[in-house]
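Notes for the one structure printed next.
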Amino acid sequence: MEVLHMFGSEEQKKKWLEPLLRGEIRSCFCMTEPDVASSDAANMECSMRRDKDSYIINGRKWWTSGAGNPLCRVAIVMCRSGSEEVLSRHSQHSMILVPMDTPGVKLIRPITVFGQDDAIHGGHFEVHFEDVRVPSSNIILGEGRGFEIAQGRLGPGRLHHCMRAVGVAELALELLCRRAASRSTFGKKLYQHEVVAHWIADCRLLIEQTRLLTLCAAKALDTLGSRNARKQIAMIKVAAARMACKVVDCAIQVYGGAGVSGDFPLAQMYSYVRTLRIADGPDEVHLSTIAYLELRDQLKKAQAKL
Amino acid sequence: MEVLHMFGSEEQKKKWLEPLLRGEIRSCFCMTEPDVASSDAANMECSMRRDKDSYIINGRKWWTSGAGNPLCRVAIVMCRSGSEEVLSRHSQHSMILVPMDTPGVKLIRPITVFGQDDAIHGGHFEVHFEDVRVPSSNIILGEGRGFEIAQGRLGPGRLHHCMRAVGVAELALELLCRRAASRSTFGKKLYQHEVVAHWIADCRLLIEQTRLLTLCAAKALDTLGSRNARKQIAMIKVAAARMACKVVDCAIQVYGGAGVSGDFPLAQMYSYVRTLRIADGPDEVHLSTIAYLELRDQLKKAQAKL
Amino acid sequence: MEVLHMFGSEEQKKKWLEPLLRGEIRSCFCMTEPDVASSDAANMECSMRRDKDSYIINGRKWWTSGAGNPLCRVAIVMCRSGSEEVLSRHSQHSMILVPMDTPGVKLIRPITVFGQDDAIHGGHFEVHFEDVRVPSSNIILGEGRGFEIAQGRLGPGRLHHCMRAVGVAELALELLCRRAASRSTFGKKLYQHEVVAHWIADCRLLIEQTRLLTLCAAKALDTLGSRNARKQIAMIKVAAARMACKVVDCAIQVYGGAGVSGDFPLAQMYSYVRTLRIADGPDEVHLSTIAYLELRDQLKKAQAKL
Amino acid sequence: MEVLHMFGSEEQKKKWLEPLLRGEIRSCFCMTEPDVASSDAANMECSMRRDKDSYIINGRKWWTSGAGNPLCRVAIVMCRSGSEEVLSRHSQHSMILVPMDTPGVKLIRPITVFGQDDAIHGGHFEVHFEDVRVPSSNIILGEGRGFEIAQGRLGPGRLHHCMRAVGVAELALELLCRRAASRSTFGKKLYQHEVVAHWIADCRLLIEQTRLLTLCAAKALDTLGSRNARKQIAMIKVAAARMACKVVDCAIQVYGGAGVSGDFPLAQMYSYVRTLRIADGPDEVHLSTIAYLELRDQLKKAQAKL
């Protein structure tokens, strides 16, 4: 929705965004590919080529969340539209709207996350495109502008993940405390075991630091824009995913066998927060971004001192 | 099987151990309970009381692995047989053989581990015992000797887990290296990214240290016996579970989305190794044991110097 | 100074605070004792007993920073003034002003920190008090109110340490980046080694999270007061010390041999930040405080839901 | 001594090794340079050039341990003897014997480690060589064979460091336990605080794993030789330094202020073990070596399966 809201033409908005906003239909987003390491987005190989007034799309995508939802009517697909000989690294890709009922669009299978299929949210699908033909007017913003759109979308998208991670961690800590206050071993409540108490303290500390950095990044995004908030966004993306994994893992340990079972939401929460260290770019890509921007900032500061 | 082999009467061996060894039947072990923190085994509440020539068992167990296997014919059940007013903390429990077809034995449901039910191995079941009556000759070793049996069994049992953990970690590292050698991002193979290379190094280091400690603990168990090898067993239990979690997690990160999916065995391996930090006593119980024994050893050493 | 400003009588302020503010004299603070674990302040044994219009002080203190400064004229000494049979745990201690030239006040020796004596700041001294007699009017706020004063002083004092820790870490990261940009190994600049780049990223991330939590704690201290900001103060005390140790350690590793030498300030910075994990209460005491307050807050939240 | 024993000519052994073995003189080793990152040994710039029957040496070295010992009579100096245009990366350096009283050899200053100068062992010196002329027969093994010698020496040298690290850690843990058993806070002995108990357990676990890996590496060195034991040596170098830093740091935390003071050996022990993460190649260089060898081994294993 954000992509259409920010970058769609009037016609595209009328056709897809309005019913989306009315809740009549749903969309999905086809980015990641099974055959290449998508942490480097320039690797993507799903191709589109012009054929008169149409584009013809061929390729394989996966982790297309929500594609299995019965209301899902349209996909936004990231495709390679230009060759690397001619174009710069970040001008070779485009985004295009593909109605789900176009011939050649195939839902291959749902991908599981730690064995769970998230069917209730429409699953995470492998989707193949075989000679899929769509009108050229379906392209968003124009050929070669895929990265530009991705950058515009990913900032807010990553931040939403971080906010959810803080929320998940808060719930996990609440559950942890509740269990620690109700179970006993070796003659005392779990929370009276100093090691468990210090986990509670560490979790609270991690959550607070992450919450503050999330707010700070959100402010930067709102006031400085996606591009200038890149460092903040990259920082919170890494921090929130790590923090949530740590907090949920602590809660699981306090619950023991119940923690990994389906009787409490912790195992499922872990599946979600663990994917955050991978989704929208793995931690490592963001750490490299932070380092690059930090070195640039330090250099500026050093030059300003001269 | 080990319990019967080590502690069973001739009659018990004949009836149950022999068909077990011939592979005709299977057994399961009922220890952990949903209503108490089983990390402190003295908490267990499933009760048995004598009624003439029988014992009558009442209580709830879970994480009974293999109970769903169609060949599973008998359960060994840990029960509270004496009151805490009269008996010392470790003489209140007994182990008893309960044929699965005894009236009142109820398989309630399989428990999932991170959403997976391990059905192929017979699952992990919640089992209820409602006025289950078995002959008094089914008791193993005698009333109040449950802890003694548990200690005898848990040493080797824990070591087996550690050996499996080393094997799982070896496989995970092999998969990690294979992926790192076949995928590229930002113009180089994944293994050429220094951070990934150092993960490989750290994983190999962790595995080697754990393998050596496992061998050392196995030697201690064989030569010194379960009781005198307690410190070694506790150490390797903690080290192996931690190591395997770390190695499998690294491998998942290198695989990205594929790592958490069902396309590779890593997500399932993680479920297994994560439970090792809980099963047969959580890490924290073993750390307390190591600390106690270390302080005792240091004291002995200090006194020897005088 | 803060103690006198907040809790001193008019006469005490006139005599000591005013020359302190004019920079004519200095003071020192005698809290920690060599013979007891001072992380539990109620352990302190240095005694004071009333003798007509005087108090007589006996005991041993150490880590009295600045006692060796030639301008240091007065010590504030925490003493046990009441017995534990009669009084509650936190009413047994008092603070009293002791002029440094009072007979029986003995500077025993400077204590080193990782081999350095900090002489330029007046060192950290072991100070003994042998039948030291001071007028009873030297007591601050009254008998048994030592803890009350300590609580009032320690909040701001801990926060100052945290602010310094953030500053030290910023300098360490600047030095790290400078070195990473000027040295080469294996054909590339240090910062081009991905592992070093990720250290830079992690350090920046840690610093930002800590800076935000420091600001948040400062705000809480100013608006809610020392008592109600306890959780925030405890959190930042732990977070800042840990963060600064990590950042300075990374910088040392990037500098190699130069990092541990006296040619760069990093080794000295490490000595300072490592003591922060101990000074004004070790991390572990603060973690226990956070856990206690978190459990209380969770309980309130749970009750509010009912 | 090892260098002369393994690689010296008969004449060199007679002149230097014999008095060394008799304890009449000492030697020092000039490797690391202040102006380049010595983690990449090929960076070294101290030059030697042939002039008839002599070599003339120019350059700056530091961290020359023992150079300040009054008995120190000879230095073994690693020099660049060939140009990088002509020779392979590892054939450009040579080692040569330089009597300390040769004109042009200048002891500039002792380098401190965390503020300590280790004077009792002869300190760690910066040594400059200004047109230092020595007979060409002083070269060890021949021109361009410096790396070969270094490899032969560094294996055993690194292992000795690891053995010392295990010994230091054992002492630190003994001190930790002694303090934990003698001090009380909040009404119980320090070791009764679960967090401290778990530190004791973690330290014992780390020491045992490292001891076993050290023995394993020593066996590999003895039976397979320096070259084939490279992976084992690299692993133990990293593991031992990390382990010892962790154990000594825990002990410091248990001792509180006393831990960083000069009253106990812990602060000095920390200085030593922290340099182990840098000396003879920083951890990062060894991790890269392990990764390289692991990938090679995995590849071999994969090919063997075909």
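By letter and in written order, the chains are A, B, C and D; residue numbering begins at 1 in each of them.
The rule is short, and it goes like this: a contact is a pair of C-beta atoms (placed from the backbone, for glycine too) under 8 Å apart; a residue touches a chain by one contact, two chains touch by 3 or more.
Just so we're on the same page, UniProt names per chain: A, B, C, D = Acyl-CoA dehydrogenase family, member 11.
In this text the structure is predicted, and so the values were computed from the model without any measurement.
When the partners of subunit C are compared with those of subunit D, the chains appearing in both lists are A, B.
Distance from subunit D peaks, on a Cα-centroid basis, for A. Two chain pairs, A-C and A-D, are weighed by contacting C-beta pairs, with A-C ahead. Where subunit A touches subunit B, over half of the residue numbers in use are shared by the two copies, so each contributes mostly the same positions. If you average the Cα atoms of subunit A and of subunit C, the two centres end up 43 Å apart. If each chain is reduced to the centroid of its CA atoms, subunit A and subunit B end up 36 Å from each other.
Put simply, the C-alpha centre of subunit A and that of subunit D have 46 angstrom between them. Shared contact sites, meaning residues of subunit D that touch two or more other chains, fall at 193-195, 198, 284, 287. In the complex of the two chains, the subunit A residues touching subunit C come out as 173-174, 177-178, 180-181, 191, 194, 197-198, 200-202, 204-205, 208-210, 212-213, 216, 231, 235, 238-239, 284, 286-292, 294-295, 298-299, 301-302.
The residues of subunit B lying in touch with subunit A in their complex are 32, 34, 36-40, 43, 62-63, 111-116, 183-186, 190, 193, 195-196, 252-253, 256-263, 267-268, 270-271, 274-275, 277-279, 282-284, 287.
By the touch criterion given at the top, residues 193-195, 198 of subunit B touch subunit C in their complex.
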